[in-house]
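Which chain is which? They are A, B, C and D, in the order written, and residues in each are numbered from 1.
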Amino acid sequence: MTLYLVKRLGVLLASTAAAAVVVFAFMALLPGDPAEIALGVNATPEAVAELRSQFGTDRAPVVQFLDWAGGLAQGDFGTSYVTGAPIGPQIGDRLGVTAVLVLGGMVLALLIAVPLGTFAAVHHRNLLGAAISVASQLGIAIPAFLAGILLVFVFAVQAQALPSGGYVPIAENPAEWLRGLVLPWLSLGLVQGAVLTRYVRSAVLDVMREDYLRTARAKGRGATGALWRHGLRNASIPVVTVLGLQLATLLIGAVVVERVFVIPGLGDLLLNGVAQRDLLLVQGVVMVLVAAVLLINFVVDVAYRLLDPRLR
Amino acid sequence: MSALLTVEGLSVGADSVELVHDLSFTIGPGERVGLIGESGSGKSLTALSLMGLLPEGVVASGTARLGGRDLVGVQEARVKRLRGSELSMVFQEPMTALNPLMRVGAQVAEVMTLHGRSRQDARQRAVELLARVRLPEPAEIARAYPHQLSGGQRQRVMLAIALANEPRLLICDEPTTALDVTVQKQMLELIAEVAPALLFITHDLAVVASVCERVLVMYGGRVVESGPVREVFTHPRHRYTEGLLAASRLTPRGTRLPTISGSVPAAGRFPSGCVFRNRCPHATPACETAPALTGDGHAFACWHPAG
Amino acid sequence: MRRIGIWIAVGGLLLGTAACGSGGGNTGAGGGAAAGQTLAVGFVAEPANLDFTSTEGVAIPQALLVNVYEGLVKLDQSGQIVPLLAEKWEVSDDRKAYTFTLRKNVTFSSGAPFTADDVVFSLDRVATDWKLKIKSQLDVIDKVEKKDDSTVVVTLKRPSNGFLYSMATRLGAMFSRTGISDLANKPVGTGPYVLGSWRRGDSIQLKQNPSYWGTKPALSAVTLKYFKDATAMNNALLTGGIDVISSVQAPESLQQFADPNRFQTVEGTTNGEVVLSMNNGRPPFDDKKVRQAVRYAIDHKALLDTAWAGRGQLIGSMVPPTDPWYEDRTGDYPYDPAKAKELLGGKTYTVKMRIPNLPYAVNSAQVVKSQLAQVGITADIEPLEFPARWLDVVFTQGDYDMSIINHVEPRDMGIFADKSYYFRYDNPEFGKLLAAADEASEQDQADDLKQAAKLLSDDAAADFLFLFPNLIVAKKGVTGLPKNAIAESFDFTALAKQ
Amino acid sequence: MRGRTNAGLLVGGTLVGLVVLAALVSFFWTPHDPTLVDAARKLREPGGGYLLGADKFGRDTLSQLMVGARTTLYVGIVAVGIAALVGTPLGLAAGMTPRGWLSELIMRVNDLVFAFPALLLAVMLGAVYGAGTLTAMIAIGVATVPAFARVARAATLQVMVTDYILAARAAGRRRTAIAVRHVLPNIGSVLIVQASVSFAIAILAEAALSFLGFGTRPPTPSWGRMLQESQELLFSTPRLALWPGLAIAVAVLGFNLLGDGLRDHLDPKLSRIRGGEER
C-alpha cells in the first residue's frame, strides 16, 4: 500500500506537471499581446515594450513557463495583467466558494442518491422502485442550469422564500450564507443526485445478487440488515469511482450554476478572465481546476484501495 | 422416534409455475440425508425454502417443522432467529459466499454475536471454530481476507460459520462441487464428522454414498424415490433413479445401461402425470396419471418400477 | 447579459457600449431604516480595477465619478454644466482662458485639503500619466496655472466648445497630490462617498464620506452589485436582493415589474447610439451604394420592436435627442428593400458580422441578418467575447465587415472624423465641419454639427439602429433616479428611499 | 426484467427516432423559415399555421425546434465521432498490450485529457478561435475521448482472454489483424452503448455551452440558445422555454434509454464494464 501510494503520488505530480505544460502552451495560443491589451489601442510602441518587459512576456516561452510553474509550486500565480492584483489570493477566495458549492452539491446528491437508489434497488420489482428509476432518468435529462432557472422561478421569485442569487461570506452572516446556497446546492445536487441514484441502484442491485448477502441472511440477518452490514460497503466501491467522475463534472457544472446564481466562484472568475483577456488569470484558474480534477482522481484511486482489501 | 425435521406437502412456486410439488420427508436427530437430482430438479429450492431464503417472487407453501417450530409460511422475523442457530447452511460457491471486504474471523464471529454472544467471546470462539474445521494456523486465518484463502479453505470457513451456534440441522448445498477432487474428499469427511443432522444436496451419487444414510431422489420438483442409500443404490425402483445410476459409475450390475435420453425440461415444462414419462423408455399411457410415492422405508413413484 | 460598458476613445471622443448596471445585493431591501438608509443597485459591468486614468470602460467612472471623485464642474440632469468643486468660473473674451474659483474648506477623504495645487496637479497628469485615448480631448489645454490657493486659470490653445464639457467627464476629476499611490484599489477623492469594501466578482460598497464638504447624501451606504446575467439581475430585484436595476438588459422582461405597488420603471434616453458599423475601408462596404442599400434594407421600427422590445428611440445619425444640435434624420433612409436591391444592382454579398456577445448586439444582429437576407446580403454572425476579443479583432485590427455596438460616450460624433477609427470612414469634409464647430460660436457650432450629422447619414458611414434607452426599474419608494443617463456616472447623491 | 429492458430500448429508440426524424424532415421542409424575423408575428400565440407559436423575433418555434434537432444531432455526431475515432484505437492498443509501456502511456495521457472537462476545453478553445459550433464539437469530442478509450480498453482486456483470441494468437496472427478482425467486432456492442450515452452527454454539454454563449452561433437554431433567449420571457411566455427544455430532455432521455437498452440487448455480460445499470 505504501509503495502504491508513493507510485500514485508520483503519477499525480507528473500529471500535474504535464497539465501545467498543456495549459501554458494552450494559453500561449491566445491571440493578443497582454501588454497591448492592457495599454489600450493608442499606446506607444515604447510603452508597450516597457510593459512587456514588466510583465515578462518578452522572454522566451520556456523561460516564461519555468517562471510561472516555479511560482505555482510555491503557490504564486503571478500578477494579473489587467487588474494589477496578485492572482493567487483571488483564486484562493474563489476556490473556497466553488468548493463549498461543489461539495455541498455532492453531499446533497449523496443524501438523495444513497437512500433513493438503495430503495429503488430493494424494491426494484414494485411500482415505487420503478418510479424512482424513471424519475432519475428524467432528472439526468435536465440540464443543471435549467434546473437552476426553474428553482429560482419557483422558490425565489414566486414563493419569495430564498434569495435568487448572490453570495454572502459565512463570516459575515452565516444564516444568509446558508440561505443563499440552498438553491445552487439543489440545482447541482438534484441533477447529480439523479445520475448517482442510477449508479447506486445498479450497484446495490448487483450486490443484492451476491452470494455473501445470502450467507449473511443464512447467519440470521434480515434482508435489510444483511444489505446494511454487508451490502452497502461493497456497493460503495463502484459508486466511489463514479463519485470521482461526478465531482469533476460538478466542478464544471458549477461554472454554469455560478452564472445563474451570481456566485463569485472560480467559474465566474474564469469567464471574466476570458472576457477581459486576463491571460495569466485564465491560465491560473484552468490550472487549478485541472489540478483539482487530478487530485480528485488520486483520492478516488486511493479510496478505492482502502475500501477494497483485494487491491491492497 | 420423533423426527428432527418434518416436511409435509411442501410446494414451491413462482408466479404460476410450480417448481417443487408436494414434498414430504423427515430427518431424524443425527440422521444424514442426501437429496439428489439433476439441476432444475428443485433440490436447491427445497433447501432454500427451509432456510426461508427463497429468491424474491418465489413462494413456499405446506409445512416444515424443525423440532416443533414452523419454518414455512412464518414471519421473516421469526425464521431469521432460527437461521444460523437452529439450522444452518453451507452453499455451493465458496469463492463468492464470503464478504470480500471483511476479515474472515469477523465473519465467523458475526453469526455468534447475531445470536446473542458477546463480541469478545465470539471472536475467541471464531478462532476455535476455524481450528475445528481443521484450518491450519486459525488465528492467522481469522485475520485474513477471503481473497487470501483458497477455495477449500473458504469452504471450511463457511462450515465454521454454519457450525458456530451448534445447530441441530446442517444443510449443505453442493458444498464440494467447486472444489478440487482431493480437497473434496477431506471436506466430505469433515462434514460427515461434524454435522449434527444433515441434509446434503448434490447431483453426485458417489458423494451421497459416502456421506449419507438415507437418500431422496428428486426429479421435476418431486421426490420420485426415497430410502436407505444402500438399498436405493443397489436396487433402484424408479426408472429415473435407474438411469441416474447407470450414468454414474455406480451401476449395480457393472453393465452400462443407456443413459437418460433428452434433457431436463425447463421449469413448468414437465409433462403431466409422471414427470419423467417423456424421457422414460418404459413409459406407457398409464403414466399419464401421476403415480403416488408408495412404499415403507424404500418408497418410489413409478407405474413400471425396475427390478 | 454580458458585460457592457467599456469605452475607448479616439480623437477625443469615446465609444462604448451601453452602460449597464446591475446590482444586487444582500444589503438591500427593507434593511436600512431611518438613520442608516442603504440601497443596493444592480449593474452589469464590474470594474477590473478602480483606476480610470489607465483602464478603459464605463464601469469605473459609473461607480466613482461624482460619487467618490469630483470635478470642478458636473452635468446636471438637463445636460447643463453646473459648478461643483469650482464655485464659479469666468471665460475670457477670446474664449481661451478659463478662470475657476475653487470652493473652500474642501478636503479629500484622506484628510488633505483640496487646493489649487491639486487642480494643477490633476490636469497636468492627464497629459503625462493617463493612458486612455480620450485624454486627447484635453490636448487643447495650453497651460494650467495657480493664481492663488483657490483660483486656477486654464489657458487653451484655441477656443473650444468641448473643453468645459470634457471637464465634466472623468478627465476633469480631481486627485489629491498625496492620494494616487494605489489608484487601482484605493481611490481618494472629495466626493460624498468613499470606498467601503469591494468583494471582487460580486459587489462594491460605497459609504458616506463623513467629512464631505457639501450636503450629505440621504443614504449612508450604496452597494453596487454586479450581474453578468440579465435574468439573474431581474430575479434579484424581484426577490429583494437589490433595490434598483440601473439598466435593464432584458427589456422583454419588464412585464414582471408591472405591479405599481411594488415597482417603478423609469424610462428615458442615454447618449448611447446603437450603431451598425460597416467597414468603409474594404469591399463591399467601401462602396457607398452598398452601404446605402443596407440602410434601406433595414426596417428600424421592426428591429427595435423585436430586438429591444420597442424600448428606445429611432435615430438617423450619431446625435441623441438630448444634444442641442439634434435633428430628426430618421426619414433619410426609409425602409425600402426594393430600393436596396436596386442599389445593389442585383449583386449578392457575403459579409462577416462580428459583434460583441452582448444582449442588444446579439438580438439586433439576428434581425439585421434576417432583413439583409431579403435583399441578397448574407451576414454571418460571429459573436466575440466582450470586451477583450471584440476590441482586439474589430476595434483595433478593423478585421470585420459589419459590427453592432452601442457607442455610449456623450457627444461622440467625432469618432467618425478619425479615419483610423474602426469605421475607416474617410471624408475630410466631415472633419472640417467638426473642427470648425469646436471653435465656433454656440449658434454656428450647432449649425456645423447638424450639417455634419446629415453628411454622416447621407454618406451612410454607418447605420444607426436605435438610441439605447435609459431603462431603470426600482422598488417603489426609491427616489432620485435619473430619467436620462447623459453623464458617465451613476449619480448616487440624489438617491433616497421613502 | 427482459420485458423492461425491451421497453427501455423501445422508448429510447422512439424518442431518438423522433429527434432524428425532425432533423431529417427539416432539411426538406419546415413550417416556416426558422430564422426569418417578422415583427408582426412577435410572440404570436400557438395556432393558425404556427403550431407552437413564435418567439420575440416572430420566428416559428416549431421550425426552430426542428432545425435545432439538426444542430443537436450534428454536434453529437461529430463530437462522438471524434471521441470514438480517437479513443477506440487508443483503448484497443492499451487493452491488447496491458503490461507494456504503450498501454501505460496511453492511459496516463488519457487521465490527463480527462482532467480537461468539455466545458473548460470549449471555453479555452472559444477564447482562442472564437466560440461556435465547431469549437464546441471539438471540445466535447476531445473531452469524451477518455471515456471511449477506457471502455474500449476494459472490453478489450475481457475479450483478449477468450479462447478464440488465444487461438488466434497461438496461430501467430499479427496483432493488428487480431485487433481488427477479432477484437473490434467483439467490443463493438460496448462501443455502441458508450456512443449512445456519450451522445446524451454531448447534448447536455452543447446546451450548457450555448447557455454561456460558447455554443452554436446565432441565428442557427439551437435548443440551448432557445432556452437562453427565452429566459427573460419565462414569466410572460413560459412556452418559449418549455419547448426547447422538453426537446433537450427528450433527446437526452432517448439516448440514455437507448444506450441502456442496447447494452442489455447486445450483450448483457458486458454490462458490468460500465458499472452495469439496469439489467
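One rule holds for everything that comes next: a residue touches a chain if its C-beta (ideal position, glycine included) is under 8 Å from a C-beta of that chain, and two chains touch if they have at least 3 such contacts.
The model shown is predicted, which means the values in this text are computed figures rather than measured ones.
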- Query: By CA centroid distance, what chain is farthest from chain A?
  - Reply: B
- Task: Name the chain pair with more contacting C-beta pairs, choosing from A-C and C-D.
- Result: A-C
- Query: Quick one: most central chain, C-alpha centroids?
  - Reply: A
- Distance between the centres, which are taken as Cα means, of chain C and chain B, whole angstrom: 90
- Message: Counting only Cα atoms for the centres, state how far chain A is from chain C in Å.
- Response: 39
- Rounded to the nearest Å, the gap between Cα centres of chain B and chain D is 52
- Interchain centroid distance [CA atoms averaged], chain C/chain D, Å: 44
- Note on the structure: Each of the following residues of chain D touches two or more other chains, namely 126-127, 231, 234-235
- Note on the structure: Shared-interface residues of chain A (touching two or more other chains) are 31, 149, 157, 259, 271, 274
- Query: According to the definition of touch, which chains form touching pairs?
  - Reply: A-B, A-C, A-D, C-D
- In the complex with chain B, residue positions of chain A that touch it: 125, 210-212, 214-223, 229-230, 233-234, 307-310
- Note on the structure: The answer for chain D against chain A in the complex is residues 108, 111-112, 114-120, 123-124, 126-128, 200, 204, 207-208, 211-212, 224, 227, 231, 234-235, 241, 245, 248-250, 252-253, 256-257, 272, 275-279
- Tell me, which parts of chain B touch chain A in their complex? 51, 53, 56-57, 76-77, 80-85, 88-89, 91, 93, 96-102, 110-111, 114-115, 145, 147, 158, 161-162
- Note on the structure: Residue positions on chain A within touch of chain C in the complex are 31-32, 36-37, 39-43, 47, 82-85, 90, 93-94, 149, 152, 156-157, 160, 162-169, 173, 176, 180, 259-262, 264-265, 268-269, 271-272, 274-278
- Note on the structure: chain D partner, complex, touching residues on chain A are 11, 14-15, 18-19, 22, 26-27, 29-31, 133, 137-138, 140-146, 149, 153, 157, 198-199, 201-203, 205-206, 238, 241-242, 248-249, 251-253, 255-256, 259, 270-271, 274, 282, 286, 289-291, 293-294, 297
